[in-house]
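The structure that follows is given in the form of structure tokens.
By letter and in written order, the chains are A, B, C and D; residue numbering begins at 1 in each of them.
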Amino acid sequence: MKQIYNATLKALSIGVLVGAANAAMAADEVVIGASIPLSGPLAGFGLYQKWGYETAVNDLNKAGGLTIDGKKVPVKLVIRDDKTDPSVTASNTETLISRDKAVAMLGSCTPALVNAGALVAERRKVPLVAGCDPLQAFKSVRKWQYAWVMFFDETDLATAPFRMMKDLNLQTNRKVAILADNGPDGALVGGKIWPETAKAEGYTVVQNTSFPVDSQQFTSMVAEAKSNGADVVLVDAIPPQAIAMRKQMASAGFTPKILVMEKGAEPEFFAKATGKLANGVLVGGYWDPSFPYPGAADLGKRFETETRQTQSQHIADSHAAAQVLLDAIAAAGTTDREKINAAIAKTNKSYVIGPVKFDASNTSAIPITVMQWQDGKAVVVWPKDRANGKLLFPLPESK
Amino acid sequence: MNSPLLVADGLVKRYGGVVATDNVSLALGRGQVMGIIGPNGAGKSTLIGLLGGALTPSQGRIVFNGEDITGLSASDRARRGIGRTYQIPRPFLDMTVRENLLAARFSLHPFESGAKARAACDAILERCGLADVADLNGRDMPLLRRKRLEVARAMALEPRLLLLDEVGAGLVDSEVTELIGLIQSLRHDVEGIIIIEHVLRVVRECCEQLLVINFGKKFAEGATSEVMASDEVATVYLGTARGDGAATLPEDKILDRLDMSKPAHAAAVSGLVGARGVDAGTAVPPMLELLGVHAGYGQARVLNGIDLQVRPGQVVAILGTNGAGKTTLSHVISGAIRPTAGQMRVDGVDVTGAPPHQLARLGLAQCMEGRRIFAPLTVEENLLLPARGVAASDRAERLERVYTLFPDLQKMRSNGGTSMSGGQQQMLAIGRALMARPRLVLFDEISLGLAPIMMDRLYEALFELRQAGLTMLIVEQDVERALELADDVHVMEHGRFALSGTAKAIRDDPRLRHLYIGTAD
Amino acid sequence: MLTSQLSHPSHPEPLPSPLELANMSRFCAYLFLPACLLALAVIAPAMSDYALEIGFRLLLLITLAEAWNLLAGYGGLVSLGTASFVGIGAYALTGLVNQADVPFFLAIPAAGLAAALLALTVSRAVFRLRGLYFTVGTLALAEALRMFMVNYSGFGGASGLFLSVDPPGLLELFWTALAIFAVTSLAMTVATSSRFSILLRAVRDDEDAAAQIGVRPFRIKLIAFLVASFLMGMAGALQGLKVGAVEPYGMFGIQWTVNVLSIVIIGGQGLRAGPIVGALFVVLLSELLADYPALHLAITGVILIVVIRFAPKGLVGLFQRRPRAAGGVQ
Amino acid sequence: MPNFDVVVSSMASGFLLGGILALIALGLSISLGVMRLVNLAHGELLVCGAYLSYFLLSHAGIDPLVGLLLVGAIMAVIALPFQRLLIAPLAGKGMEAPMMTMFGVSIILQNLLLLAFSADTRAIEAPYAARPLSIGPITVSEIYVIGFVVSVLLVGCVHLLVTRTAFGRELRASSADATAAAVMGVDVKRVHALTFALGSACAAMGGVLIGTAFSFTPGTGATYLLISFAIVVLGGIGNIFGTLMAGIAMGLLQSLGAVVLGDGYRDLVGLVLFLLALALRPQGIAMSGGR
């Protein structure tokens, strides 16, 4: 009985020592922490992020690392899995900062996770750089000081399909059905921006349904959209749902002219799981190796050769985020978190993801393009100056 | 002060179609001790349940001390001073004996000082002879101690009315005397006691009022001495009675007499017997043999060295009071529990610890206590179950034979197994045991809770089986019937054979009456 | 709260009766534990952030585990509804702070009360269920509540809410956790070595027999349920305070239930020290295997199975002398 | 309130889906009824079935429907040792120990699947997986119809197995009174093992249908576990036809909830229903051996 309480005490005092030990080590290397979803629903994203972060850091270390207080030191990247659970992201971030003595953090993916981590970093006054967190969702949380995000802006994303339809003047009955999950960005894009833009562009929203991110059946909402005869269907849902929904649309015999599936249609396994049904599905994108940015083409190739998987735009934003942070530390020339943070604020350079310059709200916007799945490949179809393929219109009948 | 302590008025308890308690009324005066007797399964415990509040009556009302408590929960009744013991003790297993009492004490006086409560409980433990085990867990009490604990726990409630359910069962004479002393002394602490007992001596010496229940109905009532004197009470209660005057009993209507004259009948019976018995004396090993078997549950030792032999063709009876260990013995033989020491042999082969289904395949069948009919199965499915891996034709033949033995079953073949009367269920249980065409059948308390008339029918069947040469082991409470049927008899007491010998010898042995004092008179 | 056991000296009987254990835990609770807590509180500022972080997580989990142990271990109420009370606590705190800017030290107990209130409202329904049905019922309840929070936009829906003020620093959080843990230990001591525990265990061992001797099972179970929920609510509030944001998937997530359950089973159900040992074990394990997430969970599963099979009384059960063979005369 | 077509269509798909749910719940129901085992790993068994079928298709090109029984058989074979090693030794230790053990199993399976196949969402591709089927105003997915028919057939087979065969007799006997059954010569251990295998097979085959109709990840199981519980309690533990009816009722009511409150409320409706059932029948419904 008694020894148990002693044990508690011991364990904690061990903790003290470990902590001290880490502090001692911290001098001859720069530790950067990252908590990303390697398991759970969003593990798909996490794997790309892991590669992006690691590649950036490894490249730097190969090049000799960073100069800190006049001395060359390697960078140590500590990655932890947050199981797609915000509270785990939070505690991971705590641990990375306290145990591993991370001087700065790299972000997770999707608002819930990134913000959870960012809040901790903000409290601990540790700079955190992230991609994969739509800007408005990020800004809406609070006025940030230590958290920085480079990603697309929801409005930009949400309006893209409409702008595309205008540019290419696609003929539809201008009836829009919106099916969006009730998560942070889903609520914003599906609940607010899409309806507004639709109205502004002279479309009529015949249906606007929202659903939680863990349901698998959309039969009734799909049936409704069909009976409403919507030509334009805008979906904002995570992959498992997007896949189920695409199948259920097909099996309801419903083929709109334009089908946009934000978030869900982005990862490659969407195309794998839906097979032919993926053909013609549109999804907002912000990067492709074909873009005229430094190292873009090369990065894509490297990923595919190293992992034998098809590249995803997430390797770009994560890689860029890491580079921005590393550059800032280099510029600061110290592991002093305040100085690093100041350096991040000054960032103004073109990265693999495009030009990065943070505004007053700690964000840097990435311009949106529209991609379309064509025979298992994601092709950029809009805007013209970025397009590397031709739009498939209307959405092919599923048979 | 002369208003009765407890009045029960027209109590009825139905379970679905079955009526367990049928319009029973009783009144217990202050300072009175009332006894309730009747054959097992007559509905005595149900009645206690109704009075104690564990069961809610389907009809009727209960007035305690001038207050209608029919609608009150068990706990509220307890708090008003009704203490109750369980026939099968239910101590709080993972609490010490003292804590068992303290639970009652604290629920009654939440704010009493601990020392005081403890003193009170210890006093009760002292009286009930449990002081020495106050700090042991309920789990570690042997059966008899548990029974005392039941009483002690009820007393901790400072009850005004005490309901004692078979506290005397399984006690030897000396212990019975102790118990009687205890009950007598309790009279000064409580305003009334109701005792359910098999041990008639307890009833005779403690109760001035007596209530006899049979088939859930009030059968007789009155001053103890008168009731005990009456013949029909003896008829109902003492199993030795024959089915005369039984025409009044309900079983009779459902049942048609077995016709012994049909030769087909005898054939049917013999066709169900796996192996003919050989004349005793020939040098075949005993079909079943127990050597120094000990067994028990957890801490409780129940069997202390049983040596038993059953030769082919033999009929062996095992007698003994409740709690003597008969049931445990049959569990050992069926393989349901593993002996902690000793050996069990079938045809001379050691089978100790073999699982039940393997023993069954050796030709040992059992007609289990309490019938154990499978409710989800029809009568026929119940019968077919033991006939495993038997050719369809053979199965059908055996079915036919069982049906000739018990025509009732044929009529009910596709009814739910438990939809029949107790007697018919017992027939089914017997028939089921025979379906395996066994070499040895253990009949465990087949007369429990049955009307004498029905017992006659069943025993007639057993006699036929005996004629057919079936080897039988009979566990019975009903001394007379067993003695008639058996070749050899063993009388159990405290997990040992206190008395063994041929049926004849045992019948004349004075010690039998001694061991059974109370039941035989 | 004096009971018979207090004045009772340990007797010559070889095996330790629950009584002795009660006395020991009483000793620990009265003298040893407070000393530990005080010591921790004092050395806290000297502790590294990591130690504080781990300490915080430990204290939080221990609090939850103790509460669950009270229900399952002592009351025989195996609940899979832990998450609902954690979630309610966290949301209540956020609400109180954001809407009525109540100070933390008031908001936390208030959140506990909110959780207890939930317990009170559902008690009638869930206590009608016994054994397995209670377990499944609480699970369903928790899931239903989570889905409601996800779908109902009143409390921020799936996106949840953010704490409008800056959460306190790690040290303050640690101290708060210590305080809550102290409250928990006190509550547990009262509940497990007092006359209440006797009534509770009586209900656990045999509800009908308990009623037959005047115990009111519903009342006893309700008290245990309320206390446990209150503690869980406070723990949840603390977690919400730390994260600074609440959303249904995290706060009402099944993983709370899962963690707490494995902690208690691994540590030792119905034993005063079980939750502490279990929490230590689980947290340290998760730290060691932090880099192999999926593997870590799988291993926890294996450990769970092994413990259930070979150490029914958990790790603490192994420390103690073997509990005697079960099974009674019936 | 959406228009008529929508309502009837979604009610129809709810009805059909209910059949599939019943098949899944049946597995849970019999192991609960016969072995008193709360199989918290039921959901994972379902997912295993889905993966099995997925790889049978991608590697051996076996169509999910053709491979359905094969998947069931394989899972049954895999399940047998599970029961022998993990559950059988816990016999007589109450319901909690086996329940928690299966809980551990579910954690393990879920994470092993994660390690093996990552968290990617998968779906079993089949021509009929996303083909509409229209009768008058009603439009439903072809897979729903197929799934319903298959499920009802399988449930029927199980019903026959339990009510008409010797094994069924032994199964019902052991569930009613294991000790007595053993004394009557029934090898209860064996019966339990086979029951568990049967339950796993049901789950796996249900998983194949789910994986074809929707999508699945290693974490998908949990959702179906709870809904199965609801169906089991509604239909009566161990009651086969009750389970089928309850499954269909559940499907219909969920669709109703979806139509009225929106798809998000599907599962909520199910759970509320479940809680109601529990509140009304606190001890649940007794084993009635599927007759």
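We adopt the following convention: a contact is a pair of C-beta atoms (placed from the backbone, for glycine too) under 8 Å apart; a residue touches a chain by one contact, two chains touch by 3 or more.
It should be emphasised that the depicted structure is a prediction, and the values quoted were computed from it without experimental measurement.
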{"item": "Most distant chain from subunit C by Cα centroid", "value": "B"}
{"item": "Chain pair with the higher count of C-beta pairs in contact (A-D, C-D)", "value": "A-D"}
{"item": "Approximate Å spacing (C-alpha centroids) for the pair subunit C, subunit D", "value": "33"}
{"item": "Rounded Å distance between subunit A and subunit C, as computed from the means of their C-alpha atoms", "value": "36"}
{"item": "Subunit A-subunit B separation of Cα centroids, rounded to whole Å", "value": "73"}
{"item": "Junction residues of subunit A, two or more chains touched", "value": "39, 182, 212, 214"}
{"item": "Contacts with 2+ other chains: residues of subunit D", "value": "111, 114, 262, 264, 267"}
{"item": "Interchain contacts (touch definition) - all pairs", "value": "A-C, A-D, B-C, B-D, C-D"}
{"item": "Residue ranges of subunit D in contact with subunit B within the complex", "value": "166, 169-170, 172-173, 175-177, 179-189, 287-289, 291"}
{"item": "Interface residues, subunit A side, partner subunit D - complex", "value": "39-44, 47, 182, 209-212, 214-221, 223-224, 226-227, 239-240, 243-244, 246-248, 250-254, 267, 269-270, 272-275, 277, 398-399"}
{"item": "Residue ranges of subunit C in contact with subunit B within the complex", "value": "2-8, 11, 13, 17-19, 195, 198-199, 201-202, 204-206, 208-217, 324-330"}
{"item": "In the complex, subunit C residues that touch subunit D", "value": "78, 125, 128-133, 135-137, 139-141, 143-144, 147-148, 150-151, 254, 258, 261, 265, 294-295, 297-298, 300-302, 304-305, 308-309, 312"}
{"item": "Subunit A partner contacts - residues on subunit C that touch it in the complex", "value": "21, 24-25, 28, 32-33, 36, 39-40, 43, 46-55, 57-58, 147, 150-151, 153, 157-160, 162, 166-167, 169-170, 239, 242-245, 247, 249-251, 253, 255, 272-273, 276-277, 280, 284, 290-291, 293-294, 316, 319"}
